[in-house]
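In the two complexes below, subunit A is the common chain; its partner is subunit B in one and subunit C in the other.
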Partner chain A sequence: MAFGPYFLLASLEGLVTAAVLSLMALGLSLVFGVMRVVNVAHGEFYMLGAVLAWWFSTLVGGHPAVGFLLALVLSPLVVAAIAFVAERLVLSRLKYEPEATIVATIGLLYIVQQLALTFYGPEARPVEAPFNYRISLPWFGYSAYKLAVIGFSILMMIATWFVLTRTKIGLVMRATQFDRETAQAFGIPVGRVYAGVFALGAGLAAVAAVLIVPIQQAHYLMGHDPLLLSFIVVIIGGLGSLRGTVVAAVLIGLSDGIISMFFSPTLAKMLATLAVAMVLVFRPQGLFGTVAR
Partner chain B sequence: MSENRKLQMNSASGVSRRTTLKGLGAAAGLIAAPGFVRYGQAQSSEPIRIGFQCHRTGIGAAYGRWYERTTTAAAKRINDAGGINGRPLEIVIEDDGTDPKRGAEVVEKFANQHKVDLVYGTLFSHVVVGSAPAAGELKIPYYVVSEGYHVASGKLNRYCVQPGITDVKAQARSMAPWIADNLGKKVTLVYPDYAFGHDHRDFFTPAIEAQGGQVVAKVPIPPTETSFTRYFPQIPSETEVIYHVMVGPAVLTFVKEMGEFFGNSGPKLFGFIDSLEAVDIKSPGLEFLEGSHFWEGMPRYAQPDQADYVTAYREAVGIDENGASTQDAKDVSTAAHMFGCWETLNIIKAAMEACDYKGTDDRAAMIEATEAMTDMEAGADHPQGKKRFNGKTHQVFGEQSISQVVDGKLKVVHRTSIEDGAYEPEADYTAMSF
Partner chain C sequence: MPGRAEGGVTRAMANRIKLTPSAKSLALHAGVVLLLLALNFLLPEYHRGVFARVLVLAVFAMGYNLAFGYTGLLSLGHAMFFAAGLYGAGLTVYHLEWSVWPAFAAGLAAGTGLALVVGFLALRTTGVAFMIVTLMFAQVFYLTTLYFTTYTRGEEGLVLPQSSRVLAFPGGALNLSDPSTRYLVALTLFTLVLTVILFLVRAPFGRSLVAIRENDERMRMLGYNVFANKLASVVLSGLFCAASGAAYAVLFGYVGSGFAAIQYSILPLLWVLVGGAATTLGPLIGTLFMFYVIDTASSYTTAHLLVVGLVLIGVILFFPKGIAGTVRGRWLPWLP
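For the complex of A and B:
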């Protein structure tokens, strides 16, 4: 295959990775930015989103798009509700102490994973894509659904940006992120904001998962790799920065796609990890982050 | 304060640490005392216990589920016919998580805690390679159903045998003549990047070269990979045949993405059914497989000319004419591999009867009895077909099927002979000590 088409394919694959990754990393970044909680269980919310997507899509018959749309609406809502309950029952009782919350979310990771293994089983199950169209290019074919994933992810990012910067909920979130105590003094119910943000973060991971299951299938161990990549994205982009998260996700996604196609997937992971180390050494707040106060 | 409370509690219930220990000691003494028998009946009716190292979770879970069903069915058949040497067969199952480290732990658990007579049933080659040293150290027979070449290579030890399923070396060799004659001579290999895939790479390459063919590219894929499109550009355009073999939860994704990439205009496909075990051929996105060919150890779909014992076997393990569970048509079996469990259990029975197996002291005799086996006729004990066991390499050889996808079903179009795959022994376990 000539260089041009080869590069095009690599970029397309990279963009799909970036699309899903940016949604997931955004959830992680929001939770850290507002709550200062490192959510190690984030990958499991992603997995839960995928598993629920399979379950919802098998509930209804008819055209596969019906099941998929049902999953796209309900699965993030259910995951967000579970995250909300987990936040109220566990994290709020720990007073959001950094060490305690890390250990608690590790515990949450194992609980969610083992529950999925118990009730969903060890199989990888596919969700049918809402449409099965193959775009024939002169050099290779490409799934139209994958392009739709990129488009939908961009829409979700714009929606999140809108909520954060143009609505009252977003204002309250940003105020809490900026200074928790002052926000509380101004009558903002910080506890409820935290629970809401945690639920929103988990919901975003679930949306990413629903988008990916027609491509990758739901499996109880699927949360591991995206979690690592999300951490890489969030560290490079700067914690709590929406712009940084998107830029870093596109950067990591594209480099993963292109490097792993022209060289090897292992090299792509090595370079991403190296980038994290460099950022931590020379710009610990991330490319777009602000210095912690 | 808290110490006081503890003391009070002890005296209140009347059980102190000392009396507990005394009681325990007495009980232990009673059990160890001579004349104490756990079984009311004679020792000879105590069950023969087989430890089944099962991939219940991890990337081998689909295989594990069907290996377990086949094992249960085969054990029931043996027990219904009077057991082994008049003793019932009991299967003890432990999950190895399809993980080599856990696999070795499971072998130790079988030997030391469950105290089984032998260990059996492992499929994934990295788990076999990881567990075999433990079996050798604990001197417990290890009957694998793995199709890997590691047993025949001589790298394991005398306790490891593979008598129920042909190894990859023989499988790949027996496919080469047919592929060169019918599909093409320029082949690109796509395989998982670990022992099992390397076996395919190392043994198919010389086999196709012997037929005047050539491997034009090798595309290894990491076993945990979830996305495959990025690997397809490595397939050169001169390729006439893609030889693919993939395993794990992402197999469906792999085949689908291959279809998206090539459409109907790509090279011819020859796959090992491993790429689609436990996956419905009629899954959406797999239409492009129509007309392509697969290796099958044993046909998934009921064939019109199949023997009565094959029908009986399929009924016993619970698969319908499409190779799916009779309980759930969506639960597709791993038919091309799981027959190995059925046959291996029957071979274990035959070996135990040949050496008049009494207990764990006869483990070495049992291995020797297995090594003495040669030809096995096709029949109810060997429904996949006739086999020839090589006692030196601890590996069996058998016939293979080549099937074509016709109307979304696999139809057997060619059957290879034992000689097509056979190779000179490259090891001699019988020369090793126990």
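For the complex of A and C:
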């Protein structure tokens, strides 16, 4: 293959990564933006979403699309419920103190990971894609499912944007983010908003995971790399900025796809991580964010 | 303010602020060290091995405690300082066939140098950003050890030959793979670092670190160079962690990427939190406690990470001061 088609393939793969990554990073960014909590267990919610997707898809027979759709609906709901309980039981009692919540979510990370290993096992298991059509391009065939992933995550992003900016729920969330105490004084149940946001963030990670399992298998350690990548996206995009998150996800996803096709993936990860650390050191508000109040 | 010390309250305060450890606390620490010395001859073989490992890792925890407990810098990347010491000593022994003394020094230099660079960059940020920046630098370090897998053999790691692990003295030599020698060398390092920290936290430097943790704005107003003090704390912390890593390499003869992974940044945090942040003996208590909790748990279940997770959440919810911190709060207010 000549350079051009090769590059196109790398870009398409990068866009798929970017699509999934932006959903996951959006969850992380919402939780940090509204609650000021760095959720280290976010990657485990993603893993849990994938593992549950496998479980739900094995429950029903027939056409693979049935199992997949069931997983797409139920898996995020279950993960969100677990996150909701964890928030009520642990995070709310810590009064959302940044350092204490980091330690607690690290604890949560280990618990979820260990439970997944114990009950799901160390194997990687696939979920069958809902449809198996290949679009033939002049140079290579490309999976239509991957393009559908990109489309679906764009739809999810638009839906989230709509909820955040055009509905009462979004208004309440933004008010809580802007000034917690004033929001409380105006009768907003801040505790319930926090629990809802935490559940929503975890649910978004689970949606991303369900979308990825037909491409990449479900495994109990799969949450680690996406967690680091979403941290990177959230930092580069500027915290709490939806537009920044999307732009950064596309940037990181594309460069990850292209760099790892032409260079060693370890070196690519090293350079990307170092670059992001430097961004945080010299421009802590992110490339697109504004200075924190 | 010598003139003001005439007043009752201020004199009491002046008496309380001593710049050296009290006789009581010196006696307590000497007692702990003597007890640990006696244990070398009393413990069964298996437990002596565990204690030797705990003593080395407690040095790592003490180093972490200096930054986290006393200075209030929550780093999620201290594995890189431990691993820098580990690799600094291990690689020079393995590839360059250096003897133990210069290899140990190379480990210290690697960790201290890294701490200087990382501290200089990361301390431009505070709070959450500091945690993430340190996490990322540590991740880069971990990936570097994997990238140079020709020299480090990555996760599989290197085993240092017994013949190279000999500590030479003018009068003779100590074989570091002998269990008793290993225990005593670990105890010597532990005692050395414990003594330094015990005096350090009472000295003006240690007190200014605590003051920075409590209110850095005020310290800046009072004319202290907050950045320089924090940097000194990170570098010293890195030095102790590197000492622990270098000692681990030469005492236990194994060097691997696993020690640079994120889990080894979380563990010292766990040990210090359990034992009691900003206490001199907390790191030892926490390390010992967690080692035996995991040891006991592994005999019932393979799910030891579950125990780590549950203890982390339990401690942060119900026991935020840790063991030594609670003892200090309830019964022994003089505990350093």
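Here, the second predicted complex is superposed on the first by the 291 of 293 C-alpha atoms of A that agree within 3 Å, B and C clash if a C-alpha of one lies under 4 Å from a C-alpha of the other, contacts with A are read in each partner's own complex, and residues count from 1 in each chain.
Heads up, the rule we're going with is that a residue touches a chain if its C-beta (ideal position, glycine included) is under 8 Å from a C-beta of that chain, and two chains touch if they have at least 3 such contacts.
The structure displayed is predicted, hence computed values, not measured ones.
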Determine, under the contact definition given at the top, whether A:E99 touches first (subunit B), second (subunit C), both, or neither.
second
Contacts for A:I235 in the overlay, against subunit B (first) and subunit C (second): which applies, first, second, both or neither?
second
So, A:M222: does it touch subunit B (first), subunit C (second), both, or neither?
first
Looking at A:V38 after the superposition, I want to know if it touches subunit B, subunit C, both of them or none. Which is it: first, second, both, neither?
second
Between subunit B and subunit C, whom does A:Q113 touch in the aligned arrangement: first, second, both, or neither?
second
Between subunit B (first) and subunit C (second), which does A:M261 come into contact with in this model arrangement: first, second, both, or neither?
first
So in the superposed three-chain picture, is A:A10 touching just subunit B, just subunit C, both, or none of them (first/second/both/neither)?
first
Dual-contact residues of subunit A, meaning touching subunit B and subunit C, are 117, 266
Residues of subunit B defined as touching subunit A within the complex
56-58, 61-62, 64-65, 222, 224-227, 229-233, 237, 249-250, 252-253, 257, 259-263, 283-285
State the interface residues of subunit C toward subunit A in the complex, per the touch definition above.
74, 76, 121-122, 124-125, 127-129, 131-133, 135-137, 139-140, 143-144, 146-147, 266, 269, 273, 302-303, 305-306, 308-313, 316-317, 320
The residues of subunit A that touch subunit C in their complex are 36, 38, 90, 93-94, 98-100, 102-104, 106-111, 113-115, 117-118, 228, 231, 235, 264, 266-267, 269-270, 273-274, 276-278, 280-282, 284
Under the definition above, what is the set of subunit A residues touching subunit B in their complex?
1, 6, 9-10, 13, 17, 64, 117, 121-124, 126, 128-129, 132, 134, 136, 140-143, 215-217, 219, 222, 225, 257, 260-261, 265-266
